[in-house]
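In this document, chain identifiers A, B and C correspond to the written order of the chains, with residue numbering beginning at 1 in each.
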Amino acid sequence: MAHQSTLEFSVSGRGTRDITSAVAKVVEESGIQCGIAHVFVQHTSCSLTITENADPDVRRDLETVISRLAPDGDPAYRHDLEGPDDMAAHARSVLTDTSLTVPVGAGRLLLGTWQGIFLWEHRAAPQRRKVVVTVLGV
Amino acid sequence: MAHQSTLEFSVSGRGTRDITSAVAKVVEESGIQCGIAHVFVQHTSCSLTITENADPDVRRDLETVISRLAPDGDPAYRHDLEGPDDMAAHARSVLTDTSLTVPVGAGRLLLGTWQGIFLWEHRAAPQRRKVVVTVLGV
Amino acid sequence: MAHQSTLEFSVSGRGTRDITSAVAKVVEESGIQCGIAHVFVQHTSCSLTITENADPDVRRDLETVISRLAPDGDPAYRHDLEGPDDMAAHARSVLTDTSLTVPVGAGRLLLGTWQGIFLWEHRAAPQRRKVVVTVLGV
């Protein structure tokens, strides 16, 4: 069986948003008991990640780490038409995940206790983002 | 249903190559309408990434970013039998993606407007690379 | 068809462990001939990676690279309740892979000659880790 749904999220700018429950709802709708849930962003300047869902300082520190690896306004960038966060956002997207896949068992996402699914916006300005969720299995 | 095909690409050395249309062709051949397309490189010194498909400066800047994170000829490397780009290539592979998965809907890849699928060669010398595409769904 | 199995591994602390044969065994048990094998860690301070399986110096050098990108005990981290390796482990997890997917053909993992699947522990202390393997296909 295959079930697919496109979700839309409005984000206010750079930062993470927990989308675990929205993905879990698509899994529930699918009726699939055993398989995988695939989550995909249709954009190249935001991404997805699975990380610790309890302490918000973890996501704050992840911003610190990634902003060093792909700094805004780096003079070496040639692609800067949309501002200092433009190329940095593409690089952050490549270093994290455009898609992720979570196992489904007993009809639900088999995440660990401390795992959450996050949409990670890398642009400074507000955006509207599309996320395609596909559930496959039996 | 499951459909699988192994593609081969000759690359002239370090850099990116757009393989979106080759992957799309396998999806078309599969006849699968709803599901996922999984793309996998059978190598540890090249990788795959989804990024902006319009301005080539984006991929040029990605080379700049990744070459700082995993520099060629780093004196800290112990694995250097095949030259200064040997270990750097393995590290670039680990920091990017050995495989990626794209949703399939209405019989085609559900990529966003600005998304392309790229084979990213990390070795300096020409290579011949194998990419396994597997399409699953209904 | 879908087949799922949860594996458990005891690890002595930071470092990599080859889990290729354990994953291959689940593929064999599944009886699936053509499809994909999805491997997922239910934790946010360890990860998975596919890399070179021959020279152990490669994994040693990967530790060197990742320890620069997400250093232990960075004074910028706010999340440090469990010690200097706590936040570093979450960042290493985000920069590498919580899950990975390998094609299955002729009933076996279609890995390249030099590819191994590694569980990568990022915490300093011993841990017990759960890995969910899901095989989908026909």
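Keep in mind that, in the parts below, contacts are C-beta pairs under 8 Å (C-beta built on N, C-alpha and C of every residue); 3 or more make two chains touch, one makes a residue touch a chain.
Every value quoted in this text rests on a predicted model; they were computed, and no experiment measured them.
Contact with both chain B and chain C is made by A. Of all residue numbers seen at the chain A-chain C contact, under half occur in both copies; the interface is built from largely non-matching residues. A straight line joining the Cα centres of chain A and chain C is 20 Å long. Those residues of chain A in touch with two or more other chains are numbered 69, 95, 101, 136.
In the complex of the two chains, the chain A residues touching chain C come out as 34-36, 49-52, 55, 57-58, 60-62, 64-65, 69, 95-96, 100-105, 110-115, 136-138.
Those residues of chain C that touch chain A in the shared complex are 1-2, 4, 38, 40-45, 69-70, 74, 76-79, 81, 87, 90-91, 93-95, 98-99, 101, 130, 132, 134, 136.
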